[in-house]
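We just call them A, B and C in the order they show up, numbering each chain from 1.
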Amino acid sequence: MAEYIITTEKEKWEVICGLEIHCQIISQSKIFSGASTEFGDDVNENVSFVDAGMPGMLPTLNKECVHQAIKTGLGLNAVINKYSEFSRKNYFYADLPQGYQITQFQYPIVGEGAVDIDLPDGTTKTIRIERMHIEQDAGKSIHDMSPTKSFIDLNRAGVGLMEIVTKPDFRSPDEAGAFLRKLRSILRYLGTCDGNMDEGSMRCDVNVSVRPYGSDEYRTRCEMKNVNSVKFVMQAIESEAKRHIEVYENGGDIAQETRQFDPATQTTKVMRKKEFAHDYRYFPEPDLPPLVLSDEFINKIKSELVELPDAKKARFVKDLGLTAYDAMVICENKETADFFEKAAKGHDAKKVANWLMGDFFAMLNEKKLELKDSPVSAENLGALVELITSNVINGKTAKDVFAIMAETGENPEKIVEEKGLKQVTDTGAIEKLIDDLLASATDNVAAYRGGKVGLFGWFVGQVMKQSQGKANPQVVNELLKKKLG
Amino acid sequence: MSDLTDLTISESLKKLRNKEISPVELTKAYVENMENNNAKYNAYVTTTAELALAQAKEAEIKYLNGTNRPLEGIALGIKDLFCTKGVRTTACSHILDNFIPQYESTVTQHLLNDGAIFLGKLNLDEFAMGGSNETSYFGPVINPWSKEVKLVAGGSSGGSAAAVAAKMCAAATGTDTGGSIREPAAFCGVTGIKPTYGRCSRYGIVAFASSLDQAGPIAKDVTDCALLLNSMAGYDANDSTSSKEVVPDFSSFIGQDIKGLKVGIPQEYRVDGLNPEVAAYWDKAAEMLKASGAEIVSISLPHTKYALPTYYVIAPAEASSNLARYDGVRYGERVEGNGLDELYINSRTEGFGKEVKRRILIGTYVLSAGYYDAYYLKAQKVRRLIKNDFDEAFKKCDIILTPTSPIEPFAIGDKKMLENPINMYLNDVFTVSVNLAGLPAMSLPIGLSQKGLPFGMQLIGKAFDEGTIFKTAYQLERSANFVRM
Amino acid sequence: MAVDNDTVRRIAFLSRLKVEPDKLEETKEEFNKILNWVEELGEVNTDNVEPLVSVNNESLTLREDNVTAGHISQEILKNAPAQEFGYFVVPKVVE
């Protein structure tokens, strides 16, 4: 990967970045209560007495959230800790009913891991995972309904979260972007988080510092909270790095602080200085005994794990002969990969991949359709490719057939049959067409034979036209060459 | 005063089942006592006589049609720390002044399911923080044994112990974090047991210190305690710290002999300057058990001296977090302010009493950055050593005998207790270790001091071995032949 | 570790409690008295002692993922000192 270096008149700078990503766990009920996790219900409807922090209420841990966390940990190639503890993180806020968040601190459920990212130039890089723990989400404060009041909805309070913390391994905005896309892909494959950053089900905190290129020091970092798209994360890293460089080059110092990235201005502004940092007073949650997992429990989840994007990609390259790039694009999204595999079954996988990434996606795009709503089924796409490879139709006819498939959802064999689009490979029939043409276009024949070889294409075109596009172009070529001498 | 209220629960049940008395007349007798004497003792902070009488009428039907349940028609007082659906629950704090829970605690639900009748909610130290019931927002409970000077009833379950002693209920629920059942029981000449941690669900009980809190009964005698604990105990999926240990029929231990039982006397409890009357009763109790066939063995609990400081780190730490939810936002006292933080500060400053605030501050301090290791972590380690002491001791004995309190009930407003909170804390010297180790312990009256005030003896059992406590306590009760008020 | 006035103020704010300026001295002294007392714990050798986190040895029980609560907004809001349109209401929070 080309190095990302910010060069100024004075110095060359390197960017150091780490990410903390909060991912909402997919589960029916909340992590510590039996209220629904459903999004978009009426205010305070999905709230239990536990979620509202009523006196005497106690948390109980949702098995599914533990399952999902272990799955995710395995997906991050990380250590699953058989012993973990819950802790309380104490702070006052209007949407934090208990006055503390139940989280994991000293003993998280998932330890160190590693994720390979694919960079735009085709290279890969390993990003190390520091840890992942599970915790509860806060409620929502609504500030724009009144000039003097804030309104509190606790529907989200207590929804399970996984917080993934990376090591400071990112050296460019591209790497961070690639990681987030990869992480989202893994989470969606696993079905543990829907990964929608714009809806807040995946939220990213970005830590940035810079250092002179070639040095190995770590300078003061700043944290940008809740950056809510991949693009904004990349922009935030760039803008914050440039701010640091400017401060340093003007002889200043960077203070450790929490900042907020504003996409509109492409700048960050300070939210909280370190001296006002919270003192969270973490301590082990006395309402929940330690979580002790058995090998059996973990192994069962391991055995049920789906094939992840990297493994799938490798298999597509090795077994199906795709290029690394095509495999990566197809595997980023599990539904696409599944669709592809279904379509490619028994057919020329490379051709299927080309069709999928070309005409097929173009068609979905144009029709503004999701993959699952495609009028062209995976089987029919495969069948279309088969018609081409077995010379039943030629490439040009295939495009016409595909257009009909996209409109009607019909299978290609039927379309070819009904419309009589089978290509003519019968040399006798083609020979007759050529003979007729040569007999009528005597001027051009003479010109060609006189040296105007550029006319060859015209002859091919005429024969194809006469065959209504059904003639096998290769056969036409060969015969024409022979007859024209 | 009616004779009916002299009956123990076991005696009442016998008469109810034989239809010698009706639940309505029994309940009326208690209601009458309650209404006549409450002004004198300040034991109840909320009375629900009408509800009780309505329940009694239902009980009457149950007895008539033979569907009576184990505690049918038994009128109880409920410590105002248990949330009771539709009935004001205050924890005797101004901050919960008008709080009406929309849910029932598991323990009170068990009692209701078994046919018990609730007369009202009993006074306690604010949030159960205190040893004399003087920190209650509703004023101190007056010990029914008081002569000229008004004496404290002990705390924190002072209302419960006083109400039982003064026959304003057949028995009461209590909770015990550092001695809050046993000390008031001792001060009021009644019997109370703090079961093993996890025996009774904490769900719906306003939390003080989660790792120490445990509910239990306060009753007229050992037999009644067994009857009540049978109903109160049991695993509850809503409390992750409640135990799945099988609950035996505690009544079955009543009357069992204790021949050959090894009773341990911890040498470290014979503290310097121990009240000679207390020491004399301790020896006497040991003699009584010996006379019943038990063997007296000397044991050592070397870390006894550190139990109080350990407790006064851990309990306030947990309390500081447990009480963060009282913020004036979702329920309880709210004092408006300029902005959210001011609303919090005003509500909490106004809503909490002095001792509660003191403990929140200490608890916050011992958890705060830079002090956690020195105080909280250290205390947790010493807690382990204290528990290990008991594990060792129980290799040499089956049960441990100690006094419940080093002193007899003192006057309300006692200067020495008020001028230095530590003096008050020292009263818990014999009780707190039991909570730190999670063990069951009972206090039962042994005799009167020269001033005519009751003394209590404490029996400490192995974890989940309340049975041995019940059989030993019953023998000791018979030998002591204490005359109730 | 003696506590000073600034620490008392900081701890009071963390606790969201007000210590009136004229009570600061008294609170500080009381604080130090209690802390001195609990510092007795320093005498105990706790090398290689694991902190006791949970007194019963049972591991955490996991709950099945079923929706068993909710749709009780009336009960949730029943005791609210201030509510509007089904929300809890607090003074405007400036972020």
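The definition used in the following text is that contacts are C-beta pairs under 8 Å (C-beta built on N, C-alpha and C of every residue); 3 or more make two chains touch, one makes a residue touch a chain.
Predicted model only: the values in this text are computed from it and were never measured.
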What is the identifier of the chain with the smallest separation between its Cα mean and the overall Cα mean? C
Out of B-C and A-B, which chain pair has the most contact pairs? B-C
Inter-chain centre distance, subunit A versus subunit C - centres from mean C-alpha coordinates, in Å: 41
CA centroids of subunit B and subunit C: separation to the nearest Å works out as 23
Roughly how far is subunit A from subunit B, centre to centre by C-alpha average, rounded to an integer in Å? 58
Could you pull out the residues of subunit B that touch at least 2 other chains? 99, 102, 211, 237, 240-241, 320, 324, 327, 329-331, 340-341, 344, 364, 368
Can you list the subunit C residues in contact with two or more other chains? 14, 16, 53-54, 56, 58, 60-61, 63, 72, 75-76, 88, 90-93
In subunit A, what residues contact two or more other chains? 49, 52, 60-61, 92, 94, 150, 152, 279, 281, 286, 288-289
Report the residues of subunit B in contact with subunit C in the complex, numbered from low to high. 98-100, 102, 196-198, 211, 237, 240-241, 243-244, 303, 305-306, 309-310, 312-313, 320, 324, 327-334, 336-346, 348-349, 352, 357-358, 360-362, 364-366, 368, 371, 374-375, 377-385, 387, 420-422, 436-438, 463
Listed in rising order, subunit C residues that touch subunit A in their complex are 14, 16, 53-54, 56, 58-73, 75-77, 84-93, 95
For the complex, which residues does subunit B have touching subunit A? 82-83, 89, 91, 96, 99, 101-103, 105, 202-207, 209-211, 237-241, 317-318, 320-321, 323-325, 327, 329-331, 340-341, 344, 364, 367-369, 372, 376
Using the touch rule from the top, collect the residues of subunit A that touch subunit C in their complex. 27-29, 33-36, 42-50, 52, 60-66, 85, 92, 94, 141-143, 146-154, 271, 279, 281, 284, 286, 288-292
For subunit C, which residues are in contact with subunit B within the complex? 1, 3, 7-8, 11-18, 27, 30-31, 33-35, 37-44, 46, 49-56, 58, 60-61, 63, 72, 75-76, 78-82, 88, 90-94
